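Step one of this worksheet: look at the structure below.
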Amino acid sequence: MTRSRNLGGLLEQFRGTSIQARNLGRCLEVWENALTDPKRPTIFLGLAGPLIAAGLRKVLRDLIDWGLVDVVVSTGAVLYQDLYQTIGGQHWMGTPTADDVQLRELYLDRIYDTYVDELKFEETDRAIGKVTEEFPPRPASSREYLGFLGKRFSSAESILATAARRGVPVFSPALIDSSIGIGLTLHYQATRRRKERFLLDAVRDNYELVQILAASPRTAVVYVGGGTPKNWINDGIVMANYAFGREGEGHYYALQLTTDVPHWGGLSGSTLDEAQSWGKIAKTATRSMAHVEASIGLPLLAGALWDRRKVWKGRPRLRFTWDGDQVSVRRVRS
Amino acid sequence: MTRSRNLGGLLEQFRGTSIQARNLGRCLEVWENALTDPKRPTIFLGLAGPLIAAGLRKVLRDLIDWGLVDVVVSTGAVLYQDLYQTIGGQHWMGTPTADDVQLRELYLDRIYDTYVDELKFEETDRAIGKVTEEFPPRPASSREYLGFLGKRFSSAESILATAARRGVPVFSPALIDSSIGIGLTLHYQATRRRKERFLLDAVRDNYELVQILAASPRTAVVYVGGGTPKNWINDGIVMANYAFGREGEGHYYALQLTTDVPHWGGLSGSTLDEAQSWGKIAKTATRSMAHVEASIGLPLLAGALWDRRKVWKGRPRLRFTWDGDQVSVRRVRS
Amino acid sequence: MTRSRNLGGLLEQFRGTSIQARNLGRCLEVWENALTDPKRPTIFLGLAGPLIAAGLRKVLRDLIDWGLVDVVVSTGAVLYQDLYQTIGGQHWMGTPTADDVQLRELYLDRIYDTYVDELKFEETDRAIGKVTEEFPPRPASSREYLGFLGKRFSSAESILATAARRGVPVFSPALIDSSIGIGLTLHYQATRRRKERFLLDAVRDNYELVQILAASPRTAVVYVGGGTPKNWINDGIVMANYAFGREGEGHYYALQLTTDVPHWGGLSGSTLDEAQSWGKIAKTATRSMAHVEASIGLPLLAGALWDRRKVWKGRPRLRFTWDGDQVSVRRVRS
Amino acid sequence: MTRSRNLGGLLEQFRGTSIQARNLGRCLEVWENALTDPKRPTIFLGLAGPLIAAGLRKVLRDLIDWGLVDVVVSTGAVLYQDLYQTIGGQHWMGTPTADDVQLRELYLDRIYDTYVDELKFEETDRAIGKVTEEFPPRPASSREYLGFLGKRFSSAESILATAARRGVPVFSPALIDSSIGIGLTLHYQATRRRKERFLLDAVRDNYELVQILAASPRTAVVYVGGGTPKNWINDGIVMANYAFGREGEGHYYALQLTTDVPHWGGLSGSTLDEAQSWGKIAKTATRSMAHVEASIGLPLLAGALWDRRKVWKGRPRLRFTWDGDQVSVRRVRS
């Protein structure tokens, strides 16, 4: 391995080694294949894990801003901590060997080796709750609600705000399992007797997702971690086939950074091969799963993509036009 | 270690050894402490992972039937595969080294080393869809909907049916991320224009959960795996404090069987100690986290609990009385 | 899963489930196949990991005493802590969150969640050193030296003593990497100038191993953990083929309890399948690798073997007759 | 995280994030502290794992050539595969899902996702065996024997050859557990009756190690993986204290790249904190353990060290003067 000057070169070299370095190099290759495929596959980004605490907020924002992903599916925790930082909340460097009882006294909450401010969390909850009062009092999907939050909490570095600005839809199928869900519970408590009120119509998320899949000649998936985002995006294929009699192949490209393992049998660590038996990943897909924690793996991938941007610069973006729960999708110049 | 004749004795011996055997022995101890605590803590069971494929359906059903848990929070996948078996679907012994492309041809879906029948899955989806048409056309929580499914899909061995029969509420905060969600999507597609239709009002789940917590003088949590169930049940404490100005302690008892690890920073592998900094687990809680896969760990725990049933026989159960989204809770004789 | 009364029944049921429970059930099956195979395969037991701290001393001693293994290959640490307990040293229940600097002050050494007595360790080192002075002043293998220690440190519960009493050879190819090695270093320092002195002739271990393999019509391997024991016993096949022009198949039966994983590429977690490409495991071998920590997995296996002892009772043992570095092997009645 | 142009900048940024990226950044910091400490600590490099297959041969060679390590302790496998490549053997890119039985037919051995040439392996064994005949017929340590091999198998890219050229001692305490051990077994078979023959005097390795430790005012350890190298280098401190009444502190600096975890209780995954209770790591040590596979982590570390070489350029090297089993150590200009 020669001494490489940038991440693009490093990951190219990784491609020719073995074990997880090779898998990471292949992840770059798969992503670039998806970006240059003439069928212009719709690229779904799945996010799970302590990604904001890990320091990945800017990297994720950049991936969206550069147009390297078309749709985002995230746990509520990632989006919440994005908003927390937007209103000024900080993640402090701590240690996993802290005295947690003592941290409680100090109103510090620990996420492995990082601390967040309990009081600032409460402030974030209130800010979200307040803004939610301005949302139309009717059922809506998480996609619509999160787009609304992305516009209200405007910030150049925010994942949600950047997605809203770029028209990239953000879904969170398990949104109620997060601090955003906590705020929504307070909202529910305050509005439950009203004739008309904002309802998180969870199933609508599925319906919107299958339309996007049906409108996509081909799809690609980028999974940071596993969890609900991975499972839901994979399941989308099955839903789309049912709902639209779609005879579509599964996701054509699939890459994942994970710390989970297959032999526990669970979904997060399940191989992209296993997904083929379900038809969720196409039989001819190019795919790669790298066992590396996201705080290390994702900056390497993103940095390499940026170094090699000649490869994908000018790729058309997608414009999503929403009419209630109906969506149409078309390509536009970058 | 003397040769022990039953699982109760085995886990007692484990308690006096080290590493994960000790942790598993302590899990038994924590669970028994929760079962015998005079404050009669409400015990929440969180379920995540390929538990039906792992062969744990009967064990889980038994835990509910014996009254060892009061509330169940599960991923949709576990509940779906429970229904799949209720209508006659089978899990076949397969191998993780199968040719997944070939399995696809055979309409077999692979879950690690187990196969399920794709066609039977579709039959299950349709059965669920059909039954859903009989559900009242209005917003409802997953708890209410799953209770309904538990009554309709009646079977002595079913987790959902046993829970329904015993009045144990079952929540699934991320229900749409499952094959049940697929069925609900078809239902949505068919009913979306109607004035009145069944809506999965996700936030209502949170509201119902916080009432149960507010009504509980003390709580205990048993996590099989981590994921959304663990995060949601932990978050419930925060929600209840907000919603009801509850000054409650966090979960007093906490035990978990997991295959995840803390040093990836994520929630599933986060230590029960870390949760103390968030106030989600009480500072004086007895707790234990055993790193052992559920297919091995849960039968050992359940078998030991059964062998030592003198300890908890006669423990009063909880009766939940639901009125719309309001619930009252009281103890009744076993 | 019906409620099983003993471990034999439990593991039989595990055999019909999935994921690691199935693998553990299959480990039992593989071991029993090896015990009942009419070619009477030589069974090698590989030991690595904090097994004494884990509380497995008696289980391991029993496996040797019952004749379920014919040859033992262990790290020095396991054997050293066996001797430590023989001279009265104890393993105390501690915690992994201890203040290690404080433990140092208290002369307590920590092995994850167990403490051992630093001063008693020094006493053990001296005892070993003293006894070593009585060993013949010439080159010898670890097998011969450990057999000597097993006779000198006599105790009914000791692994080494039981092996010595039963004539089961114990090898430790990396003996110098242990506290026994520390004692041997002091011995070296004291004797290095002598014309004749005891030398640990490491390569002699290999030579003795290949003779045992050459004398075995068939072999079986039981790996608790991986490490040097697993690698060395596997390599033995290659050595035997070279040294004796042996056209033997690889190990016919192979079972392993491990906490390591294949995708890091290393030997400990490497699949028993991978070993087939090296010819170290026979192409038709029955094999099983269970991902479960030994403190949980080994008592289950051993307990099940005992419950089902009708299967293997009466199996002839092997008598090893040593003449210098030459060995002959024959079967004797149990 | 700004877009950084080189690995030095990347790891500096990692230092300010969380989870494993932070740990990796801290590993760089610890290494640089060791390199710039005026007491000029002796730096020990421990090597375990499929490092040559992982593509790390050149990186390891560079670390030695640049003077970033003073002593190497390795498993035999790493050194053997280094020699295999020196005589022209190749590692081919394969796949972990290969048919291992078929590979056997093709004389290909698999190391996870890499293949090596069985026939070339045999050629390497013979080459080693032949050269060994020229080694003096007397007891010797692995350090002396490996230095001899490093001179005979001369190659600019070889780890062993570069170490020999630079006078960096290479130890392999478990050398017999490797293909080099296989060659030594053949040698043993051929020479066992001779009055004088080359003996691998394993304990001599320990004796040489403790002298180096006793001659070091301070020490630092860099562990790639864990295993025997980590355990032996840590134990060295205890041996040195015994053997030389050394009241030395433990290793002052410690950094490790690992894929193992602490909660299995074993040595490889044991925390550098735990080693403090044994006195093997100084109470005031700076230390960091990054959970990342070496194929990804080591090139990042090495690349960053090179980018930031101003920090350590000009650091004096150590010259080891061997007289039989006695060694003296002094600093020389780089």
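All chains are identified by letter, namely A, B, C and D, in their written order; residue positions are counted from 1 within each chain.
Methods note: a contact is a pair of C-beta atoms (placed from the backbone, for glycine too) under 8 Å apart; a residue touches a chain by one contact, two chains touch by 3 or more.
Quick caveat, the model's predicted, so the values are computed rather than measured.
**Student:** What are the chains that chain A and chain D both touch?
**Tutor:** Chains that touch both chain A and chain D, as defined above, are B, C.
**Student:** When A-C is set beside A-B, which has more C-beta pairs in contact?
**Tutor:** Between A-C and A-B, the larger count of C-beta pairs in contact belongs to A-B.
**Student:** Report same or different for the chain B and chain C interface, where same means the shared residue numbers exceed half of all residue numbers found there.
**Tutor:** Mostly the same residues form this interface, as more than half of the numbers used are common to both chains.
**Student:** Taking the mean of the C-alpha atoms as each chain's centre, how many Å separate chain A from chain C?
**Tutor:** Centres of chain A and chain C (C-alpha means) sit 47 Å apart.
**Student:** Quick check: how many Å separate the C-alpha centres of chain B and chain C?
**Tutor:** About 40 Å, centre to centre.
**Student:** When the C-alpha atoms of chain A and chain B are each averaged to a single point, how far apart are the two points in Å?
**Tutor:** 26
**Student:** Find every residue in chain C that makes contact with two or more other chains and list them.
**Tutor:** 18-20, 50, 53-54, 97, 111-114, 261, 263-265, 273, 291, 293, 295
**Student:** Would you mind writing out the residues of chain D in touch with chain B in their complex?
**Tutor:** On the chain D side, the touching residues are 18-20, 97, 261, 263-265, 291.
**Student:** Within the complex, which stretch of chain B touches chain A?
**Tutor:** My answer: residues 48-50, 53-54, 77, 96, 98, 100-101, 103-104, 108-114, 118, 125, 139, 173-179, 181-182, 184-189, 192, 199-207, 210, 225, 227-228, 231-232, 235, 238-239, 242-243, 259-267, 270, 273-279, 283, 293, 295, 325.
**Student:** In their complex, what parts of chain B are in touch with chain C?
**Tutor:** Touching chain C from chain B are residues 1, 3-7, 10, 13-14, 16-22, 24, 50, 53-56, 58-59, 91, 93, 97, 111-114, 273, 291-293, 295-297, 299-300, 303, 306.
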